[in-house]
Every structure is written in structure tokens, then in C-alpha cells.
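The same chain A turns up in both complexes below, where it pairs with chain B and then with chain C.
This part shows the complex of A and B:
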């Protein structure tokens, strides 16, 4: 699985990065950066948590490939 | 974790802080997963600081710390589609919905913008239409599931007794707040009546002054302490406490969600430290 970011929606709140600091971070400009391309099953669970708590529903998970 | 609410899902408006956060933590601690929204922005007629995205993030952190799942979004109860969108997200994640806590509120009752028709209208829009929108967006799912449910509406002691004590304390915002909170009792009774056949219960809670950022802030303090000390009488409890805690209201909400209250519906539950005795 991969994390997909809807850049039109993302406001850079960073709640997702707090929930999944090993997978996502905000850069110096406040832009969300996805740090892990292909998620392990364990990382997928964490990424799902991050998607659930995005205040503007900008994150989703999609199949790798 | 096994609790009274294990396997259940609660939808909460006003999730970011105050009573909404307390409800989320209490319901999660009893086993429920949480879906909810908060405006996380300012409304022009509200002079005290409203919730922020950081507040919502803190609620997320606290619920996840209880090892429960949470869907948390920015949303506006005045916008029916905004609510429906968050409800859909919750159903996509958890597949069910059991409890609805219509809690989002504002209190533009004192302060610079409080004595305006805009404050009156904002109260009706958030406190009354917002609750209508919340219930309309959720009850069909409860009916469709066929396993009952509980809808809890946050009213206020202002909904059952006049809060105004002096002519000087009169504002259109306070009239709007009180009228909306009173109307919620009627709204709850009608929904309770039509949903009873589906074992879906609908009740209002009526807190006295509660220690949340909506009540404990500079605007309120300036009004009551500095300018209108007589208005403090509206907040006097019979029990020797100046306010109750949000967790006290959350305990009542958890009971109303649980099967411990399975035949309690169409009722108004006062958590008022005896304020109505004064």
C-alpha cells in the first residue's frame, strides 16, 4: 500500500505526522512529505490512523503499483 | 478492552475540546470508537477564542492513547453536507454508528458582539439548526442497522430556566442561546417519539456552568466579575461548587449511551449541582 495525498485539500495541519511520524512529516515550508513509499502491513495500519485523523480528509491509502 | 460500549461507534460534534473532548475520552475509555468534527475556526459574533486544529489534534492524541480509533475532521454543523461527509467517512472506517452526541455549541451571550441580531441568528444556526442537521444526517443509519442507538443532545440549564437576572444583562445573543437550548427539548421529544419504535433513544442533557474554554475565558470573566456581578446569580449552584467539570457531563452521556439507560428516552437530564433548586 501507498499513502496518497490530495494536495488540493492538504492544509498542512500536521495531525497525520503526529500520528505517523515515521511515515510523514511537514517540511520547512509546511508541505506534507511522505517518507515511506511502500508500506509494510504494520505501517499500513499506522497510515490508516493518519488518514482517519486528517482534519480535511486529504489522505488515503491505495494499492502500490 | 471490554467496556459497556465495546464495539460501538459514537459520532460527536464539537469534538476538539471542552465537553466534546470529554465525551470522546469517556466513550472511548468504555470501548467505543469515535467519529466527529469541530469547526476549528472563529465565528464573527463570538468574542472568546473558539477551537483550533491544534485542539482537534490533542483530542486525536488522547483518544488514540486509549487505544481506540478515531476519525476527526474539520466541519460545520450549520452545513448539512459537511456533517454527512464526516458521517460517511466514519461509516467507511467503522461500518456502523450507534451513538450521536449533538454537542457543538457557541455562547455569544456577553461581549462586544453579543447584543446583535447576528448573535441571535448564530445561536439559532449552530445550537438549533446544527443539532437538527446532526440528527438528520445520522438517524437513518441507526434505523437501517436495526440495533437501536442513543442520541444525546447538549442543551443547558439555560434551556429550562431564565439565565437573565438584570435588564443590563440582556443581550440578543443570550436570548438566542436560551431559546435554542429550550427548543432542543422539543426537538428531542419529537425525535424520541418517532424513533422509539426502533429502540433509538433521544435525550437532552442540561449542564450548569461547566469548566470549559467556552465558559472560562476573558470575555465571560470581564462581563460577570467586572461589569455585571448580579449576573453571577444565574450561575449559582445549590451544591458548594462554582462549576462542574466536563467529565461530569461525560459520565451522564456515557450512561445515556449504555444499555444501563435502555428505557430512558424523551427526557431531560439535569447535571446542575442543584442549580434548579435556587
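This part shows the complex of A and C:
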């Protein structure tokens, strides 16, 4: 699985990065960066938790490939 | 009761706090049964988005749903819990069912406080409140026709609603007993937002006494005799915790469910989100904000499973609002006192990075219309 960011929706609140700091971070310009491309099953669970707390529903999980 | 004896956790309230709490139980390794019970028919969605995209018609419910929970959480939506027996560990639902549990998470949130609750409404007065997707759809529909909207309460919600109503083409009058936003954001940021609102034609009215009347056409009457008639009158005067179903238990619910720093209200009972009153520097307080609900839910889930070994809540002290073309993100103490230092931008600039200090010690950092990583904003809000 991969994390997909809807750039038009993302406001840079950074809530997701607080839940999944190993998978996501905000860069110096406050833009969200996905740090892990292909997620392991455990990372997928963490990514789902991060996606769940996005206040603008900008994150989704997609099948890799 | 040690965690290994927990077999079934009932989470009552299925919005952000309940959803995150159920998820966090799984993330903490709990493999027993979880039942999530929610009063609304829909699974959890983003409430902050209601006063923005949904009200302005750009978004529908589907656009703002939270990432769904897995099938390892049983969900009973559109169902209210009417009572609980904490000794027998049994919930009674409004459809007559009963649910036995070992652990209970209270995440029933809050509802809009009405002027009627404050004794400031004539019986039957047409008072509109704003809290859930149904409210957003209803008000969104009314704004198709409404020319004039009167909003009582110039706090965060009142200002965000005013902004959306203006975007929808309505004339907006905002009425409060206090100067707008001052109590929430302090003088500097309040002035910034008010200036932006005035520029868009919002009219502000202040009076110590406010009363709503009128069944067909609602009217707000002030102490000095002025009257403001609206096609819609919205009250945005805070929220009340949904604790009525806990009546008869030993829990202290007067100002929300009183919990310790790990979210515990008593044996195997935790609470999180808008319904919960966590300890703060100024006594137990409810903090009805997105990040507070999320962090409290994570804290409470861990404490339900691991007790004292789980970490206490670190209050996130992170808040944002969008209104009148201003995107404001704040870390640290709110409202900040006095004037800020400009780290970026200056008086009159549209993009600002601001810091407030008490003596030499930073207390608050705020970004206006500029993207700053939250970690940086948080670091700027604290002693190095």
C-alpha cells in the first residue's frame, strides 16, 4: 500500500505526521512529505491511523503498483 | 482489574474521539472485542469542515468522512445509549438492546448550547444551532434564500460561520456580549480577524443583554432596545457535554466527565474528547478542539490497557481556524497576552509568523497565511 496525499486539500496541519512520524513529515515550507513509499502491513495500519485524523480528509491509502 | 482481564470494551460516541480511541486500542495490541456506538447515522466525519466546505457547498459528507475503521471494530451507528450501570457493567440502548462490557470509553462529545439553555430565548423562538452534518445541510439550504443572517456569539464558531455566510452572499450581523474573539485569541489576533471581517461587510454589535424571540421570523433583542431581525438567527454560544446518559453513576459530570491526566474516570472507565474534563493548569477543563480530542483518545486507550504505565496526556496546545481569508495556526498558550514579535512579516503584511513572550520566555507562536511545520511552530511557542 501507498499513502496518497490530495495536495489541493492538504492544509499542512501536520496532525498525520504526529501520529505517524516515521512515515510522514512537514518540510521546512510546511508541505507534507511522504517518507515511505511501499508500506509494510504494520506501516499500513499506522498510515490508516494517520489518515483517520486528518481534519480535511486529504490522505488515503492506495494499492501499490 | 488488570488489562488482560479486559475482553470487551464499549466505546460510546463514534465521532473523532471514539473512532481514534477504538483504533488506538487495536494499535496498543488489544485483541478483545470492541463495540463502537454512535448516535449519528454516519460514521465519523470532520466537524471542522462543516463550517467551511460543507456550508459553502463545495463539499458533501463523502468528502469529509474520516478514514474508515476496520472490521475488527463492531459499529452500532444511529444508536444512542440511554443509561449505564457501572457496577453491573451494562449499557442500555435506545432500541432496547443491552450491551455488557468490561471496559468503557466515554466519547459522547458535546452539543450546541442554545440561548434557550441560557434562559435567553422566548419559548418557541426559531433558534438555529450548528454542530453536525444535518445542521450544516439545513443551514446550507437556508442560505440559498436567506438575505440576512444574525449570529449570536462572536467566538471561533460564530466567526467561521459568519465567514461562510458572507461567502454565500448573505448580509451578516454578529452580536456578542464581549469583543469578538478576544477571549479565545487575544487582542492582536482578534483585531486582525475583525478587520478582515469588516472589510467583507460584517457588522459587529456588542451588548450585555441578548434575547431571541419570534417563531416565524427570528429577532434578536438587545438590552438597549435595539432589534435585529434575520432570515436566520444562529446561536454560537458554546457547547454542553453529552453526559445525561451517565446520570445515576458515581462519575463527576458537572463540567464534563472529570478524569485524571490519563483520561481515567474510575475503574475501567475512561473519557476523551469534547465530553471529557482533563486536569489543566486552571483546574479540570473541557478543551473541545480537534487535536485535544485526538490526543486524549490515544492517551485514554493506552491507560485503559496499561493503567499507570501508560503516559499521561501532554496537552497538544495546537489550534487553527480559517475565516475571512485568514488561515491561522497557533501553538502554545491561548489567548496570548499583549503584543507579539514579528518573526516574519510586519504590520499590515498578509503573511505573518508571530511570537508572544512573557519576559524572555516564549508562550505562543502563530502562523497567519503561511505554512510552517507544526514542530517548528511548537518549538517557537516554548522555552528553548
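Simple rule for what comes next: the second predicted complex is superposed on the first by the 65 of 65 C-alpha atoms of A that agree within 3 Å, B and C clash if a C-alpha of one lies under 4 Å from a C-alpha of the other, contacts with A are read in each partner's own complex, and residues count from 1 in each chain.
Everything that follows uses one rule, which is that a residue touches a chain if its C-beta (ideal position, glycine included) is under 8 Å from a C-beta of that chain, and two chains touch if they have at least 3 such contacts.
Because the structure is predicted, anything quoted here is derived from the model rather than measured.
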Check your understanding: On chain A, do chain B and chain C fit together or clash when superposed?
Key -> clash
Check your understanding: Where does A:59 make contact in the superposed view: on chain B (first), on chain C (second), on both, or on neither?
Key -> second
Exercise for review: Go through the superposed model and pick first if A:45 touches only chain B, second if only chain C, both, or neither.
Suggested key: second
Review point. Does chain B (first) or chain C (second) touch A:18, or do both, or does neither?
Key: both
Check your understanding: For A:28, is the partner it touches chain B (first), chain C (second), both, or none of the two (neither)?
Key -> second
Practice item. Name the chain, either chain B or chain C, that contacts more residues of chain A. Key: C
Exercise for review: Would you please give the residues of chain A that touch chain B in one complex and also touch chain C in the other complex?
Suggested key: 13-15, 18-19, 49, 52-57
Exercise for review: State the interface residues of chain B toward chain A in the complex, per the touch definition above.
Suggested key: 40, 53, 56-57, 60-61, 64, 69-74, 85, 89, 93
Review point. Mind pulling up the chain C residues that touch chain A in the complex?
Key: 16, 19-20, 23-24, 26-27, 46, 48-49, 63-67, 69-70, 290-291, 294, 316, 320, 322, 327, 329, 367, 370-376
Study note, to complete from the structure: Counting only contacts in the complex, chain A reaches chain B at residues 13-15, 18-19, 49, 52-57
Exercise for review: Would you pull the chain A residues touching chain C in the complex into a rising list?
Suggested key: 11-15, 17-19, 25-31, 45-46, 48-49, 51-57, 59-61
